[in-house]
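Notes to accompany the following structure.
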Amino acid sequence: MNFGFTNTEWIFGTMILDKLNEIHGFQVVVNNLPNFGMGALLTLEITVFSIVIGMVLGLLAALGRMSKVKVINSIAVAYIDFFRGTPLFVQILLLYFGIIPLIFDATPVQAAIIACGLNSGAYVAEIVRAGIQAVDRGQMEAARSLGMTQGQAMINIIFPQAFKIVIPPLINEFIMLLKDTSLVSAISVPELTHTGKMLYASTYEAVWVWGAVCVFYFIMTKALSILGDWTERRLATE
Amino acid sequence: MNFGFTNTEWIFGTMILDKLNEIHGFQVVVNNLPNFGMGALLTLEITVFSIVIGMVLGLLAALGRMSKVKVINSIAVAYIDFFRGTPLFVQILLLYFGIIPLIFDATPVQAAIIACGLNSGAYVAEIVRAGIQAVDRGQMEAARSLGMTQGQAMINIIFPQAFKIVIPPLINEFIMLLKDTSLVSAISVPELTHTGKMLYASTYEAVWVWGAVCVFYFIMTKALSILGDWTERRLATE
Amino acid sequence: MIVVKNLHKSFGKLEVLKGIDCHIDQKEVVCVIGPSGSGKSTFLRCINRLEEAQQGQVFLDGEEVTAPNADINRIRQEMGMVFQLFNLFPHKTTLENVTLGPIKIKGMRKEEADDIAIKLLRKVGLGDKDHVFPGQLSGGQKQRVAIARALAMQPKVMLFDEPTSSLDPEMVGEVLEVMKGLAYEGMTMIVVTHEMGFAREVGHRVFFMDEGILMEEGTPSQIFDNPRNPRTQSFLSKVL
Amino acid sequence: MIVVKNLHKSFGKLEVLKGIDCHIDQKEVVCVIGPSGSGKSTFLRCINRLEEAQQGQVFLDGEEVTAPNADINRIRQEMGMVFQLFNLFPHKTTLENVTLGPIKIKGMRKEEADDIAIKLLRKVGLGDKDHVFPGQLSGGQKQRVAIARALAMQPKVMLFDEPTSSLDPEMVGEVLEVMKGLAYEGMTMIVVTHEMGFAREVGHRVFFMDEGILMEEGTPSQIFDNPRNPRTQSFLSKVL
Amino acid sequence: GGNEEETAITKLVVGSETAYAPFEMVDENTGDYIGFDMDIIKAIGDAMGVEVEIRSMEFTALIPALQNGQIDCAISAMSITEERAQSVDFSDSYFDAGLIIAVAADTKGIETLDDLKGKVLAAQIGTIGADACVAVQTEDPATEVKTYDHVGEAFMELEKGGADAVVNDLAVTAYYIKTEASDKAKMVGEVFQADDHYGMPVQKGDAATLALLNEGLAKIKADGTYDEIYTKWFE
């Protein structure tokens, strides 16, 4: 059962593996692979829920930001400015320990999703706004000159085109958010980074533990960015 | 001494202040304003040093990324991919506890600057690359058709134009980095977030402490983004 | 049919239209010429209120287009507009580009709109391109689709803003042909153009604009053969 | 002076030049005409190797431009190029645009380069615009600066790629005037253009290209008045 | 250099997780580091004539920082455990501690470690309190353990109702309830792991620092300084 390797390769491979197995940090990582896996899964879960919330909030905030109604505009601007102008890490602590308890009992995971969702909403808002503004002005003019109302033009002409423009930066935001979920480890959400923290606190194997955590994150972000490139190419050829 | 306020305003103002003074959290924040200030100063310091390192590394990495020499290109790509593909938080822990001690004795502040500098270098690299590529292709062709070498064209024609394009996203990266320095609180750098953590642990005033920390960050990022807008406007009119 | 009274338009401090007065009769083809930046596009865009004039009035068949309470979306349906850069909707097929207005704005049934659109596409010589996206068309084809799109709303007047100036030379002809056809069918048209040949052959009247003022107007032969205004003379000497 | 032998160029699968052979004599003005996408620009750009041909040779005064070991940076100094979109350096004044080549490439002293540049700017009618940035110039002025920039390298031949087609009509004349002047001074020129008037008046020979092939060549009167190739005939019928 | 060791020590760089009242915390009015541990190490410094510099860091960072030589010793209510003793050397014990369970004031039915099975527990990452929680979880996987960078965050979780109990050092929990939560939380059951003692870790093999700490500790215990400090913080 050499799995297609030559004998020398096989011997060499097993030798390296034997050597590795003698290293404590390597054992720690291998033994905890299931834990890392579960942490990564929760990381993904939080990311997906957050981006969904972020997209809804972001769309609303973008429209609010472009609205001519003063109050709506101010609210949207304040929301976007606050969440883009302060660190997510501090937002998480403020929301989890300060604000959310005043409103309702949230589990750490719920709080994490709320915090990350609110934060990414602010970034998505700017992406959406940029996307809408990137649609050639002539498109709106052509639609209006046919006799469409502002709303009809938005829905039929501007949004469908903005959608395409917005996809690549949205995927990028997705990737950013995935990395940012590492911060919710501070509120005891047992995601990937928290898994690393626990393991590190009991083994002190910094290079191995944090190295392994990096590898897990890298695989996830790489997969997303390949997906992003693929989508971008597909959109370009369409 | 009413500082130009009317009597009613003055009375009303002092009343509010009296009420606030009765609140524990408010007192905590007011008493610790100097500490927040010092934390904010260290935050700025780390940010400035990191962005300088980041700009140098970023320029090198961008050139490496566009180089046709395979080895240089691969190194640049690996560097950029790793630091953009994993969370800064984990990078900080990996570097501070794992990698840097293998090389030399770094203080937490040094380690923070190294970690943030390495991280921002990867992002700056992509900004610089995008900036160079955003210069109209015709510029390179015009320069080459005069008889300039690739290098002469880069230095005389492309870089000066890319520079202008790159300034706004660089300032944006500066702002991102300023917020990201909140993460070095994990390696006990007594910057703004760490100041908040310590104060929170002894007072449990989540809303006041983290609210105050947010305000400090917001002031700094807002100042930077106003500076950025101003620069952008100046560049546009030039 | 169209009456313009004392039209003024500024962008910030820049006064682009300095009081335009004119009237255009039904079935008349008016060509607007003049140097770059003289305000030709702005004039056209003020007529259907893509730009809001600061002062002055525009009337279409006696109805004031510039009135604050005018139902501008309905009025615009009666004024088709064709742009220099086509402005086709890139995410829709040519057929959808043409039927979008009738269906979404007029609430026409899809089958009926398709019928009309196919006829219009045939008329502009693109009967076979109905399921193609604008990205796959040449410039001349795009502009012809844009004309069909405007015609689909059955407008009373057509406004053209340099419809051929972003076309490769060998495509200019095919677009001008379509416009000529329209003119002969009796469509009222205002055409901003640099194609002096077209203006001379098809235009009933030519307006020469410079620096926001309608400097001179007259029949093509008056303008081209006997320009009285020195500005007109100097402009024509450069472009003819 | 310039000899082109069996020039082939493809972009991926798209064969753009399918074997071009021609020679251009000293002091000759050759105008290249043809429909959009026929490969005119590519032909010009292969001559100074802005595009690398896959096959075939180009010679300038007997020296092989396309040789792998050719000192292309020196050779390019002898072939001035003017682009459709001007490609002036926006961060430099007009004077700097013109002196950059002589100073940086030829190592000329700044004073000397300034002298030459001022003379050239005067020659193209822009003696007063030396300290202005390109952003403040009109299209026609930009193109004239671009011509001065190319001339500052004292080239043996000038290549023009549709130098007037992104200009407003009233600016076309001023650029063609400058080119005409150059031609009369005996500059060797290859001009890709849609300005048939210019080609007829100034060109010594006209090349008609279509689909990557040099379909027909001859004197202007041969090409414009008696085109033999049916493609030439059909193209000219559209644009004249 | 090994030779100068005895004469070389004029300054101690001391790591501490300054978020563990009453052992170490930030004075909410001045921002200074205060607490039992802080007073002890300063007294040792005074007694031995060395300068003391406190460096605030995460609890989990203390041992790595010692190993890397970033700090000379730590004082951070750190229990002397076999596991830790593999990585660092500990000074003599300077405090007898033990773990206690804290629950919300109105909680009934939680008295012993056994009662914690199946409950939601909160503790600080890397502490023996967290180890105790994990031990409960190992026995009954239905137990949920929430861990935080700082114990204060675990207490907040209890206050918010996000946890049924906090397992932590007696003195710290007592101080927290006395100063912050006398109406919100209470301690239940007996102190356990009472053989738990706090020590000051130094880098493995750093005999000089260890000697200095032990000598200083002996001195302040002998001259009554230790008792003064103890009274100040715990009575």
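Labels A, B, C, D and E are assigned to the chains in the order they are written; within every chain, residues are numbered from 1.
To be clear about the criterion, contacts are C-beta pairs under 8 Å (C-beta built on N, C-alpha and C of every residue); 3 or more make two chains touch, one makes a residue touch a chain.
Since this is a predicted model, take the numbers as computed values, not measurements.
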{"item": "Length of the shortest touching-chain route, subunit B through to subunit C", "value": "2"}
{"item": "Result of counting contacting C-beta pairs for A-C and A-E, higher pair", "value": "A-C"}
{"item": "Rounded Å distance, subunit B centre to subunit E centre (Cα mean)", "value": "35"}
{"item": "Separation of mean Cα positions, subunit E and subunit D [Å, integer]", "value": "81"}
{"item": "Inter-chain centre distance, subunit B versus subunit D - centres from mean C-alpha coordinates, in Å", "value": "48"}
{"item": "Between subunit A and subunit D, centroid-to-centroid distance (C-alpha), Å", "value": "51"}
{"item": "Junction residues of subunit D - those touching two or more other chains", "value": "none"}
{"item": "Where subunit A touches two or more other chains at once, by residue number", "value": "97, 200, 206"}
{"item": "Multi-partner residues of subunit E (each touching 2 or more other chains)", "value": "64, 67, 149, 156"}
{"item": "Pairs of chains found to touch, sorted by chain label", "value": "A-B, A-C, A-E, B-D, B-E, C-D"}
{"item": "Complex contacts: residues of subunit E adjacent to subunit A", "value": "60, 63-64, 67, 83, 87, 122, 125-126, 130, 146-149, 153, 156-157, 160-162"}
{"item": "Residues on subunit B engaged by subunit A in the complex (per definition of touch)", "value": "81-82, 84-91, 93-94, 97-99, 102, 179-180, 182-183, 185, 193, 196, 200, 206-207, 210-211, 213-214, 217-218, 221-222, 225"}
{"item": "List of subunit E residues in touch with subunit B within their complex", "value": "15, 18-21, 25-31, 55-58, 61, 64, 67-70, 149-152, 155-156, 180"}
{"item": "In the complex with subunit C, residue positions of subunit D that touch it", "value": "35-36, 168-173, 194, 235, 238-239"}
{"item": "Interfacial residue positions of subunit A with respect to subunit E in the complex", "value": "97, 101, 105, 107-108, 186-188, 194, 197-198, 200-202, 204, 206"}
